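We call the chains A, B, C, D and E, going by the order they appear; numbering starts again at 1 in every chain.
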Amino acid sequence: MKNSEGMSKIVKTAASTIFVFTLIYGLYVIAHGHLTPGGGFQGGAVVASGLVMLIVVFGSSWTMKKIKEENLSILESFGAIGFIGLGFLGLLFTGIFFKNFIVGHNMFFGMIPDFGSTIANINTGGVLPLMNFAVGLKVIAGLFAIVLVMAHATSSYSKEAGKK
Amino acid sequence: MNFLPVPPEYIPVLIVAIPLFGAFLTPIISRINGKVRNIFAISILGITGFLVFWLSTEIFTNNMIYTYVFGGDSNVIGSGNSAYAIRILFEVDSFGIFMAIIAIIVAFIGTLYSYSYMKKETGLDKYYTLILLMTAGMMGMLLTGDLFNFFVFLEITGISSAALVAFWIDKKYAVEAGFKYIIISAIGALFVLLAIALLYGQYNALNMSVLANTITNFNLIDQIILILLFSALAMKAGIVPMHMWLPDAYGRAPASISIMLVGATLSSLYAVFRVIFTLYGKVFLSVSIQTLEFVTTANILGGFIVLLAVLTMLVGVIMALKQNNLKRLIAFAALAEIGYMILGLGIRLAAKSVIYDTEGTAISILNPAYTQAALTGSIFHILNDALDVGLLFLVAGAIYYATKETSLDRMGGLARNMKYTTIFFLIGLFAMSGMPPLNGFASKIIIYESAYQLSPLVSIIAILSSIMLLACFVKVFHSAFLGPKQPHLKNVKEVPKTMLVAMGLIAILIIIIGLFPNLVIENAVKPTVDAILNNTAYISAIIGGA
Amino acid sequence: MKMSKRNVLGIVAFSILTVFLVFSMLMLHFGNIHPFGNPQENDMDSYIISNAQEETGANNAVTSVVFDYRGFDTLGEATILFTAVAGVVLLFRRLKK
Amino acid sequence: MISFGIPYLAVVGLILIGLFALVFKKNLIKMVIGITIIESGVNLFLITLGYREGSIAPIYTSSPGGIMSLPVPQALTLTSIVIGVAVLALMLSLVIHIYRHYGTLNVNKIAEGEK
Amino acid sequence: MFDLEFFRINTGSGYWDPILWIFAFIIILVIVYVIRNLGKKDFKKSGEKSKVFLSGNPEYDKEQMHIKGSNLYWGFTESMKWLYDILNRFHTGNVSDYVLWFVVVMAALFIVMTISGGI
């Protein structure tokens, strides 16, 4: 990662180390959305903040060269399609849009926890964890795309203004 | 689930879900190429329009209400006054589907028009994505039966329209108009959300039918909620004196977006009607003697609304008369048209009266017959206004496409080069200014007569503003189309086929509605008015009994 | 702040608005339905609290509301984020082809 | 002990502060901040509606038991927060474009002069 | 309220019938055409009769004869100047004024609701 812009080498190394933990924590929040506080939006916001830290450290135009915002919007479309597709699957199987059609069967995520105060069981929640993943993907891509586009546009504009 | 024909109880969700799915799919489709993307967006809107028309025939013929519950089959626990709804549900009655027809017509025409109109622009994949999202937002606003869900769709419509108003980012007025529009829509949506939160705090419910069943004693919190909802939605609907965003947004957006903004504005107007007549129906519609003390409230509120309507008409036409920017002139004229619709609402409220017997004790509450005529006229005028204003905006866009001119001073003699556009403009002129035999007259004559029975002055002002509308567009016709060819417009050509087709579709609709107005009134408008005035059916469709 | 006509109008309107909003909030607080801290037992929330586990299989009642009971709102919310991204990318697009 | 519902009054205060910033401040950024202040006030109102004294979060995972706070207002608040983020992003990008065109953020200087 | 006759809208005190209107329009057109044919047959568009006469001044070329849009209704806008001044003072394209009008309308509605005895 040799690029002139951005911050110093120490900051880059530290940031790329911290980013891993941010990513892991965000994915944890997304994956346990139906058991603990949090969910797709919150975890997605955590991961997106880590990516924004990378933008701040490595410079927006370098990041723009690595990741085009078209790819990000494609990724976000996949997240959104997954989310609405789960609703359409409910319509397909049970005739009800956004029906929680997995819960009750003991297939993946389909178990029903015993009532009252229980210990966490990841294998519950029906479509809720899947929706959490879809929304998490969507929020990561969306927030990252917003910050990346705005940062790139403003920085390039200020460069042009500096030239003039 | 077998595909088309789908069972009609699935249609309400498909009407919203298909444009959303298309919008999510558009960035992937647009990787193929531009033409496929345009065809895709137009076909998605065509499918949605087909579903809307089908559902409307189902609803209008046997005057029924479709409900659809999301995420579960148990829609409402309990019944009667102890009922409560835990899930979001759509509730589609004649009023909602009538407005949905208008919204899908303007959306489809706008998309078809922008096929050629937007050919030279960049960023078109996002443009079509936002158009589909805006259509889905309008549909959701019109079909939903849950207040918070209504707020969400209101925000979808506002954000997508604001981004589309500022489409031409190299023009500074367009960016400024987009900023104004998003500020206005954010404020309006936030106050709507505040009112919804107050309703939740007061009645522990978010469902419109449950709330409408509960709001019977018109206490202070109810009044404050009504005022918050009414003023926020009236600002979104562009009623004087909260109208100033409307000429900026309409006049600076691309023409294909201006016609869709008409649909968004009318959706907010639908919300005003819905709040007053359904959510507060037990207060403002009831003819029972128990609600006697609300009559004066209804009268004074109705008088205030009539005042706002008269102001809207006058300010619209007087400002339109001196504009030199074509689209801004049409925008002010559209503002004047909105006044006619509000007038019916105000007349319905203001004409409520109490009948006393000889001892001076109240017998019953009377809603005169002409108030229903006024409401019929205004509902019919919503359809006509959408078509007329849309046609005029498309003509203005065609002139801009051909000449790259917006100011009337630099136009002239266009009728020599653009024959079809001139014909469409004449049709829109006569329809907009209420000239017989086109559709504008058919709805305005009903409004004039019912307004005359309320107070002759209001009727006179309505007729006067209609005459001044004619004057405005005669000015446009003379300065843009008549006269000798201007030297800098020597080689102006007619606009492409698809734009002409889009304009011709609206023109044909206008002529048909103008020649057979009774067809529309008997089949579509009267069920709509019955649905508006009969909120017990709306309530009992959800919670039963009542 | 200079007392122009606009400022006088604005301050009068703000004071009226303040009075009525404070009055509504006090009515909400001293009414018996939703006083701050101990709201009345209401059917919708108690139904969700008691039935969320068996109906949606999720321990987190808020998530079960967000994604199951009011899942369509969440779809609209995700759509709004999608709309915002589309709008921002549209506004910062390149104008030349 | 009688409480005057201080959070409810704080909601009114936040909404009025935001409206005041919108009406009387000249800087576009300050107006955007005003809108976010109104929005945070509404969110505070929603979340206070769901609060119960001595209640726990409505999560059953190894919960200590006891009354739970209302889940629906929390879900509504979550939705409206994300909506606010989206509106804020679009408003700020429009402000950036306005600054590029006009070179200023004073709302009086950029007022469209056309009557 | 409405007559069930196909074309006709009964508007309470009268009715509106587009087809009838079109018939009347055609009849009037025929009458106008007949009256027009009663005119002189031996009129020829030639010579000084069809020249433009601007009180003796030379005729301008066609582009300058076109009246621009801003010059139309000049008399009306001049005589209504007081009204336009008032309206232009309201239409400052200023966003904070828009929000101010929203607040003002809300306050006015509060006052209206108060005096209407509801509170």
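Just so we're on the same page, contacts are C-beta pairs under 8 Å (C-beta built on N, C-alpha and C of every residue); 3 or more make two chains touch, one makes a residue touch a chain.
It should be emphasised that the depicted structure is a prediction, and the values quoted were computed from it without experimental measurement.
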If we look at subunit B and subunit D, which chains touch each of them?
A, C, E
Chain whose mean Cα position lies farthest from subunit C
E
Computed over C-alpha atoms, the centroid farthest from that of subunit D is that of chain E
What is the distance in Å between the mean C-alpha positions of subunit A and subunit D?
24
List the centre-to-centre spacing of subunit C and subunit E in whole Å, with centres computed as mean CA coordinates.
45
Roughly how far is subunit A from subunit B, going centre to centre by Cα mean, in whole Å?
37
Multi-chain contacts in subunit D: which residues touch at least two other chains?
15, 19, 22-24, 31, 49, 57, 59-61, 72, 76, 78-79, 82-83, 85-87, 89-90, 93-94, 97, 112, 114-115
Which residues does subunit B have that touch at least 2 chains other than itself?
20, 24, 70-72, 148, 152, 155, 159, 162-163, 166, 169, 176, 179, 183, 187, 201, 220, 224, 248, 319, 322
Subunit A, residues touching no fewer than two other chains:
35-37, 73, 76-77, 80, 84, 87, 97-98, 100, 113, 115, 118, 120, 143, 146, 150, 153
Going by the touch rule stated at the top, which chains touch which?
A-B, A-C, A-D, B-C, B-D, B-E, C-D, C-E, D-E
Quick one: in the complex, what on subunit B touches subunit D?
148, 152, 155, 159, 162-163, 166, 169, 172-173, 175-179, 182-183, 186-187, 190, 193-194, 197, 200-201, 206, 248, 319, 322, 325, 328
Subunit A residues touching subunit D - in the complex, by the definition given at the top
35-37, 41, 113, 115-120, 143, 146, 150, 153-154, 157
Subunit D touches which residues of subunit E in the complex?
87-88, 91-96, 99-100, 103
Given the complex with subunit E, which residues does subunit C contribute to the contact?
6, 9-10, 12-14, 16-17, 20
Can you list the subunit D residues touching subunit A in their complex?
57, 59-65, 78, 82, 85, 89, 92-93, 96, 100
